[in-house]
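Note that chain A is present in both complexes that follow, paired respectively with chain B and with chain C.
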Partner chain A sequence: MEQQRTIQKRVRYLEEKAKEVRVEIVKMIHEAQSGHPGGSLSAADIMTALYFDILRIDPNKPEWPDRDRFVLSKGHACPVWYACLALKGFFPIETLKTLRKFESKLQGHPIAGKAEGIDASVGSLGIGFSQAVGMAIEAKMTRSKYMVYTVLGDGETNEGIVWEAAASAHKYHLDNLVAVLDRNNLQNDGIAEQIMPMEPLDEKFKAFNWHVIQINGHNMADVVDALMKARDYSGKPVIIIANTVKGKGVSYMENVRGWHGKPPNDEQLAIALEDLKGSLK
Partner chain B sequence: MNLEKASKPTRRGYSDRMLEYGSIDKDFTVFDADIGYSTYACLFGEAFPERYFNMGIAEMNMVSAAAGMANSGRTVVVSSYGVFLTMRAVEPVRSFICYPNLNVKLLSSHGGLTAAIDGVTHQATEDIAIMTTFPNMKVLCPSDPKAAEKLFDVSMQTPGPFFTRLMRDPLFDVYGDDEEFVLGGSKTLRKGSDITIAAYGDIVFQALEAAESLAAQGIDAEVLDLYSLKPYDKEAVLASVKKTGAMLVAENHQAKNGMGYEIAHLLLKHCPVPFDNAGLEDTFAESGDYPSIIHKYGLSAEKLAGRAAAVVQMKKEN
Partner chain C sequence: MSTANRRRLSIGEAFAPRLIFGETLVELGEAYPRLVVLDADVGASTQTALFRDAYPNRFYQIGIAEANMVGIAAGLSTQGWIPFVSTFAIFLTKRAGDQVRNTIAYPRANVKLNGAYGGLPTGRAGASHSSIEDIAVMRAVPHMPVIVPADPVETRAAVEAVMRIPGPVYLRTVRCPVPVIFGEHEPFEFGKAKLIHDGDDAVIISTGMMTPKALQAAGKLGKQYGIRTAVIHMGTVKPLDIEAVIAASERYGHILTVENHSVIGGLGDAVAAAVSEHAPCRVTKLGFQDVFLESGDDEALFSRYGMNVDQIVERVREIAQGKGRRE
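And then the complex of A and B:
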């Protein structure tokens, strides 16, 4: 009962945080007039749960050797990563205004070492996942306790390297590796299952000897529960297939291909902020 | 020279022509890797769905499959960003397209720092070095949409593999409808007597602007647009340099192993003159707006004018 209540409180806190994250995403992409809103918004609940509940990290010690590692393998969605890092205190919120601008630490696609909290360079799909595998092997080899988390796009699973990484994670029994697949069923050119049919994704990962959990990626209670179970699971790497909506939270962006990599104009920003405010209880 | 702002980027010029060409040549096919809305290869896909194959985000598979189809003699256009075509899929391009000399035409968008705002992972700044090194490969780089249209035809009408470097954003229009482009050709966009500035793609415009400011300092620069990089117009380069006695090669690419190195080699053999080449100096760039990025990395008109003036000074001191 008591435990139930604290979980509910945590979930409510995270739901509020996720709204702040979404607001920062649309604001920063509008300011940059460039960037990828759709996949940032679909991953916002997952990323908020990771950054404000699951990851063992310290914004004052971004290089802390025992910190959990995080890799946003779908690197184009970095506005959601930057928003979480800023709200968590890794760098000032003001910095978000410099996204993609000249001499900003917030590169168009994240580069390790440029901004605090970015553990790996990403932006070429598939490669982040392999880097996460390498980090998890390093943790095993050095008997370190930290976990490695990564978030993948569903279009990203078209890349052969994703399956090469999956096979190697099994070989090295990487139960310290947790992947989340942002299953929003859209990629650059259209509906993911039409561009390249990948189903059954759960059976594929099971066949690669991964433990698979399927959830609604916008139900915060489910997201937190799945991440805790994945963290505690032993013997196998875990993938959480999170069913999501691309553009989630902004009415006109939801499930619309065209919002993969396009910034909102002033008018559209106002509507987006109104939508997100409306979602605040 | 008064330049008109371009109505579209070269990637669009190439793809618009590819769409038209779909009705002229009914046999060629187009392969894409989930980037068709960005390269505009989707326009062909909408008009000719039975000849358009979107292989998803899987560049190495796409390029290798294109090689397989081209094995039958068919011409196949393959569309992606430069970084992915020249690095993610580099081995099949080399061993299974260039070596067997197949009719595969690479549509390569986001060349050089024209993808400035996207950052280093999306900036193809080694593509020319990689692609010009492969035997049988021919390499083109149009500077405006009209040139992109015409060079598409050149690549389709010449057997063997082609790599065409295209730009992300619209820049300027230089060429009229009746301009001719040939494999191994170049254009002299400005005549001059003190130094030759050879450039290609977007940097042609910086070179032209540099030439204007050099003129104000009493330096008369000749500007060449090397739209064909392999083969390139050695005769035109040598003729120009014999006249001007100095050379600056400027390219949106690593300074190492690009056209600067290529031309230095030619001049050393046939016509050694004071020389310099501008490009990325053994460094990665970063994200930002295009004008700030090319200025920081030495490719703005202002920086090129400075470099050119220094070469002319060398000539005087010689």
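And then the complex of A and C:
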């Protein structure tokens, strides 16, 4: 009973946080007039749950050796990562205004060590997942207690390296590795299942000896529950297939291919902020 | 080939070469019934989407799987099809580098490769997308010609020419708008340097989108400093027009190369290698100096790396004044 109530409180808190994260995403991409809003917004609830509930991290000690590791394998969606890091206190919120600008630590695709809290360089799809496997192998090798989390795009699973990484995670018994697949069913050129049919994704990962959890990636209670179960699962790496909506939270972006990599103009920003405010209870 | 409805390309107007590439592919679809186009989920960006819409049955969307795409193209070519493979230069030449080398170049497969988003202009994407070493990589692969058009007119002519060259070709195109410098009917001559501005005092050898900048620099040098500067455009970086390089070496004694690429392994090194073997002279290479590129506005970044028009002017002035020469 008591536990139930505290979980409800956490979920309520995370739902509010996710709105702040979304607001920062659209604001920074508008300011940069460049970047990828669709995949940032679809991952916002997952990322908020990770950064404000699940990850054992300390913004004052970004290099803390025992910290949980996180890699955004779908690196183009870094506005959501930067928003979480800033709101968590890794660097000032004002820094978000420098996204993609000359000499910013917030590069168009994240570079390890450029900004506090970023341990892996990503942007070429598929390369983040292998690095997450490498980190998880390190934790096993040194008997460290840290967990490794990574977020993948569904289009990203087209890349062969994703499946190479999946096989190696099984080989090295990486039950300290949790992947979340942002299943928004859109990629750059169109509908994911038309570009390259990857279903049944759950059966594929099961065949690679992963434990699979399927959820609605916008139901915060489910997201938190799945992440906790994944963290505590032993014996296998875990993938959470999160069904999501690309552009989630901004009416005109939801499920629209054209918002994969395009910034909103002033008018569109105003509508987006109105939409996100409206979603505040 | 029906070219009646072609976009007019007037000197001074700017167009994104990627758009010209996509439109030209559509024209070629009619002329070459065996032409097939493959893309890796960036067709909306590289503009092969235009071909997809015009010839849906000859377009293959392979998804985000560049290595597989190149392998599939090789397979199609063994059966007499002519695949034009397109994706960002960075992924085509590195992620799929093994397939390019072993399944396309080695057997001389008749596969055309479009490396889109060549060099710096990536729309602020940063290091992961800035292809600064693709010319070097592709030059080093045996059997692989490397074509780097200067402007929209040459891009169109080069895409057409690529279809006439037997075997593999690497074509490098850029994302940002580039001003037209050639008259609309200027032909593309494979393997030939082009003197586009003459002058007795200094010489620039440039390639790709840096040629319009070099041309602008030559204009300024003449007007503001009375330095008459020749600009030689290398639309083909491999095979290099060695005769033209030798002639430049003998006439000027010091060559400035300018390219939207690393100074390691690109046009500058090709020119330097040619002169050191045949007609030694100094070569100053303007390009990215062994660095990863940052995110930012294209022009701000070109300035950051010492490659805007005024910086080209400065380098030529130094050369014309005989500065920087080791005694």
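One rule holds for everything that comes next: the second predicted complex is superposed on the first by the 281 of 281 C-alpha atoms of A that agree within 3 Å, B and C clash if a C-alpha of one lies under 4 Å from a C-alpha of the other, contacts with A are read in each partner's own complex, and residues count from 1 in each chain.
Convention: a contact is a pair of C-beta atoms (placed from the backbone, for glycine too) under 8 Å apart; a residue touches a chain by one contact, two chains touch by 3 or more.
Remember, predicted model here, so these are calculated numbers, not experimental data.
**Q** For the three-chain model obtained by superposing on chain A, do chain B and chain C clash or fit?
**A** clash
**Q** Which partner chains sit in contact with A:121 here, chain B, chain C, both or neither? Use first/second/both/neither.
**A** The answer is both, since A:121 touches chain B and chain C.
**Q** Under the stated touch criterion, which partner chain does A:62 make contact with: chain B (first), chain C (second), both, or neither?
**A** neither
**Q** Just to be sure I read the superposition right, which of the two partners does A:134 touch: chain B = first, chain C = second, or both, or neither?
**A** In the superposition, A:134 contacts neither chain B nor chain C.
**Q** Considering only the contact definition stated at the top, list the common interface residues of chain A for chain B and chain C.
**A** After superposing on chain A, chain A residues 32, 34, 75, 100-104, 107-109, 111, 121-126, 155-156, 158-160, 187-189, 195-196, 257, 261 contact both chain B and chain C.
**Q** Within the complex, which stretch of chain A touches chain B?
**A** Answer in residue numbers: 32, 34, 75, 100-104, 107-109, 111, 121-126, 155-156, 158-160, 187-189, 195-196, 257, 261.
**Q** Help me check something: in the complex, which residues belonging to chain A touch chain C?
**A** Residues 32, 34-35, 75, 100-104, 107-109, 111, 121-126, 155-156, 158-160, 187-190, 195-196, 257, 261.
**Q** Touching residues of chain C toward chain A in the complex: what are they?
**A** 39, 41-45, 49, 61-65, 67-68, 90-91, 95, 122-129, 294-297, 300-301, 304
**Q** Using the touch rule from the top, collect the residues of chain B that touch chain A in their complex.
**A** 32, 34-38, 42, 54-58, 60-61, 83-84, 88, 117-122, 286-289, 292-293, 296
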